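These are the structures, in structure tokens.
Look at the two complexes coming up: chain A is in both, with chain B in one and chain C in the other.
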Partner chain A sequence: MTDFVQLLVAGISIGSIYALTAIGFVLLWQTSNTINFAQGEFVVLPAFAMVLFLVVLRWPFAIALVATILVSTLLLGWLVKELLVTRLLTMGVLPLVIATIGLSLFIRYSLQQFWTPLALPFPPIFPRVPIRLGTIIISWEEVMNVLLAGLVVGALQLFITRTRLGWAMQAVAQNRTLAAVLGIDVSRLVTLTFVLNAALAAVAAILIAPVYLVKYDIGIGLGLKAFYAAIIGGFNQIRGALLGGLLVGVVETFSAAYISSQFRDAFALLILLAVLLLKPEGLWGVKEEWAS
Partner chain B sequence: MRTVIALGVAVIAVVAIAHVGSTQDALKLAIVAEITGGGAPSGTMWRDGVLLAVEDINKAGGVMGRRLETLVMDTQSDPPTSVAVMRRAINERPLAIMGTVYSSSTVANMEVARQAGIPQISGSESVLVVQKGNPNIFLTSFSQQVGFAKLVKWLVEDLKADKIALIYVNNAFGRGGREMFLKFLKDRGKSVVADISTEVQQADFTPELTRVRASGATHVMIYNHEEENARMMIQIRKLGISVETVGDNLCAQTTIEAGGEALNGAKCHVPMTALSPVPGMVAVGRKFQEKYGRVPDHNAFKAYIGTHLVKAAAERVGALDQAKIRDCLHNNLFAAAEEPGLLMDMSMDDKGDADRSSCIVQVKNRKPEVVKVLSMLAGPYTRRTCR
Partner chain C sequence: MIRRFLPLGVLVFCALLPLAFEQYKLYVASLTLVYLILAIGLNLTLGYAGQISLAHAAFMALGSYPVAILGPRGLPFELGLAVGVVLAFGWGLVVGFPALKVKHHYLAMVTLGFNIIAFLVLRNWEGLTGGSFGISGIPRPAWGPINFASDRAYYVYILGWAALVVASAYWLLSSRWGRAFRAIRENELRAAVVGVSLRTYKVMAFAIGAAYAGIGGALFAPLLGYIDPGAYTLDRSIQFLMMVVMGGLGRFEGPFIGAAVVTILPEVLRASEGLYLILYALAVVLMMLFMPKGLVGVWDWLVISSKSRI
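After this line comes the complex of A and B, so read on.
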């Protein structure tokens, strides 16, 4: 039982990171019909920025964190939207998908070529003293991953459902043309979504880097898992991405513990296939008509 | 005008002849290594070790009076890619091929080098590499067959380890290590309490570590690549698992640099280290650090020694005949007194497996400290003249 609880906590913890990343897929898809295959690299780049500010330049943590979020939102939010999305948005889904694949390769191999192909250490953010609850031992990182991810998702949900900007985002998600006719500045909202996504990616980066280290290619697996999570949960619902992320995290942790590490990814893929066959809109997603 | 053209042609001809002359003089060494991908921590150390050795050899007059020249080729840590890269390397007609480090790659590409008859000096350690009966492959460190015999002896006799868990990476390197580890434990009437595989580039090890804790192990033998070793040690500390961690590349400099404080306390059997009491090794370690700004790990030393091994064999043969060099390397003893770049005496058997002395280290304050020096596993070996 002890092992089961510990594994469950570990699964939920890693699932929280997947969920944070998966939410980005949902946000971008909803407002700009962009399936961002550079989502993993959107997490990696802020991790490298944090290493630069915190480790290389030795800035205080809080300043480094703010600078990282600023860099992330500027480069991966505003710049990507202006240079890539604005120009390709009117051409349909496929050119944007191909462009994001190109962007992911560009970020990944630029980091490898111009920084380092090696894994970089990242200082621990939370205490490395384990929390003992009877026979159950969990880490501060696991607890904080879940709490912070929950906090971010909750705040995002409130923003989308309780604010004018959030309502406007929902309107754009449902029908961009109609939203524009109603006077909503669609372009500004798409920019806002990209900025939000970049900020979420920066948070995920800071949570994941101390344990998994900072390396140019860690975004490949992370982006893929988040993509599974978004599809499993529902590509058009933030709560769906949360559910999908947690499910993928828990399933891969349990399959690695009770079956074999070799099957870690296989079970997440099996769930993905089952969802695509039986409930293509996702476990918590809603069926939708194509909106232009 | 004609004079100008004639002069121009003459200058170009002289430059071209000089260029051809210089490339004919130089002997090529092809470095085929994991410059990018998961194996980059090992491969880049290997590359820099060869480059440093080549610089030293050239300063001392080269190999039989000829300069060495290097070509660096990246396998991207991918075995199929390494086969294609090996074919490209062979087209350059090098004297020898230096690499690869990843055993999975070496197992895949060594047949290509054998067919070309170009001696291949590898940084791999998997027993699978020397079990294939390939007469063209030479390990610059001992294989797991020698390394694990020494490691298990130390683990059982010195550390008195009884409940041992094994975590290994599921590839040629890891499986070869597992096979040898279990064999030598069995020879001593012991077995492991947990036998756990992991995947290359795995990030989360919580499930595996939960199994280690549940097994009641007092010692865990960690046998992954450097990057995964670092992640695993961070997670062991974060989960507060009280188990003694042992390994070999677990204490590699690249593991320590990535894992930081989490590596403190790890104990390892290492073929070579910059903090070894061997004076030559200390000097090379210092030179490497000055040149590349980082502490060399065992892969850098393996590469440095391997390059000098090619030189020693060629000079013992007295000709740049690759078949003779290959024969000379088998069943032979090479002494550091004869070729100082070898740093330590080493013996090569008929399968291309090496034997030499090694160290037991413990990581303290992010540095591996030598706590014991182990002598060669077997011997005494004899020196063969190859002429």
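After this line comes the complex of A and C, so read on.
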């Protein structure tokens, strides 16, 4: 029982980071039909930036944090949107898919080549003293990951449902042409989505950095899990990505502990395949109309 | 007349040229042919039928491992190849089946997942695949007294299969199948309305592409005589994707250009692996932005501008 609870908490903790990554991913898809295959690298790059500011330059934590989010939103949000997406948006889904695959390789191998192929350690953000509840031992890190992720998702949800800009985003997600006709500046909103996604990725990066080490290739696994989470939960809903992320985290943690750690990546994938075959719109998604 | 036979002549010249090469260059030439076969398969699936596949390396593995497992036990190479092609085709049907239900971005994910599972199985099923140590001592094909053990003879053997694959792909694409594939790529709904069976053609486009990957994989195994799971990773699948995209999606000439550029260029540049991957990645992004038709577009442009000059 003790093991079970501890594994559950660990799973939810890592799952909440996957969920953060997946939500941005879903937002991009909704407003701009971008399947961002570089989503994992969108988390890795801010993690490296954080190492640069915090460890190499020895800036205070708060300043390093703000600088990381700034760098991420500028480079991965604004710049990627302006250089890549604006031009490819009109050409359908496939060119963007291939372009983001290229972008992911570019970021990954640039970090490896021009920075380091080794894993960089990252100082713990939260106290290392564990929390004891009877026989159950939980780390501060795990609790704070869940709380912070929850806070960010809550704020995002408020933004989308309560502000004019959020309503405009929903309108663009539902029908881009109609939104444009109604006078919404679609291009500006797509930029906003990219900036939001980059900010979410930066938060995920700061949370994941102490859990994994910071290495150029951790984005492969992260991006995949965000994608699994999005598909399992439902590609067109934020709540779906949230559910999917938590589910992937928990399933992965339990299967690694109880079934086989060698095949830990395979179990989330099996759920994914089952969902695709049985309920393609996702566990908590909404059916999309036929569109090509 | 000249326009028709010039490319063919250039092709024959390029195919026979490596016979004058030695060891390493001959190896690169053989590898290029193997990759050409694989790229033709992916071009069929992605370029013509518009079904994205990121599992091409997994299908390649399905071709390689039967050869690697049966060959050292004294069974003929062609038997291993046949088993591999059947396996690749069968799994192509299985993986292609979700293509009926989901749109291409999901398909990218399903196939990518398949490649990851395939890699995990190859690495962990040690009894059959030798795990991460792989399998060594894979013999090259032999027909009674004639054997293809030398590098040059094996190049000729691969060339024979490549010619067969090119010819069959050409025949397939100019038949009603090719037209159906293109119709589906351009507009599924319209294709279905005019009577193209989406179910049959979508799954078959996938399975046939996979079968070609099986042939390429089978020929790949004896090339070095050693294989391990590291040759069949997701990165390799992405490399095939780059080949097809760089050459020119949905163009018959595409895979020739793509396979040649992606295989030979890094060997010539001799840059470190990381650096050329960066360059490739950049090239893919730039290509999508400014040359979505691939390098074949440059060729077209040269032909057109030379015509208008006359």
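Assume the second predicted complex is superposed on the first by the 289 of 292 C-alpha atoms of A that agree within 3 Å, B and C clash if a C-alpha of one lies under 4 Å from a C-alpha of the other, contacts with A are read in each partner's own complex, and residues count from 1 in each chain.
In this section, contacts are C-beta pairs under 8 Å (C-beta built on N, C-alpha and C of every residue); 3 or more make two chains touch, one makes a residue touch a chain.
On a predicted model such as this, the values are computed, not experimentally measured, just so you know.
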Which superposed partner A:148 touches (first chain B, second chain C, both, neither): neither
Which of chain B and chain C A:103 touches, first, second, both or neither: second
Partner chain(s) touched by A:215 [first = chain B, second = chain C, both, neither]: first
Which superposed partner A:262 touches (first chain B, second chain C, both, neither): both
First, second, both or neither for A:273, with chain B first and chain C second: second
Touching partner for A:7 - first (chain B), second (chain C), both, neither: first
Touched partner set for A:121, first chain B, second chain C, both or neither: first
Which of chain B and chain C A:137 touches, first, second, both or neither: first
Touching partner for A:112 - first (chain B), second (chain C), both, neither: both
Residues of chain A contacting chain B in one complex and chain C in the other: 112, 117, 262
Residues of chain A defined as touching chain B within the complex: 3, 6-7, 10, 14, 112, 117-121, 123, 128-130, 132, 137-141, 210-213, 215, 217-218, 221, 253-254, 256-257, 260-262, 264
Touching residues on chain A, where the partner in the complex is chain C: 29, 35, 37, 84, 87-88, 91, 93-99, 101-106, 109-110, 112-113, 117, 220, 224, 227-228, 231, 262-263, 265-266, 269, 272-273, 276-277, 280, 290-292
Touching residues on chain C, where the partner in the complex is chain A: 50, 52, 98, 101-106, 108-110, 112-113, 116-117, 120, 123-124, 187-189, 234, 238, 241-242, 245, 272, 274-275, 277-278, 280-285, 288-289, 292
Residue ranges of chain B in contact with chain A within the complex: 35-38, 40-41, 44, 170, 196-199, 201-204, 206-208, 210-211, 213-214, 227, 230-231, 234-235, 237-240, 254, 257-260, 262
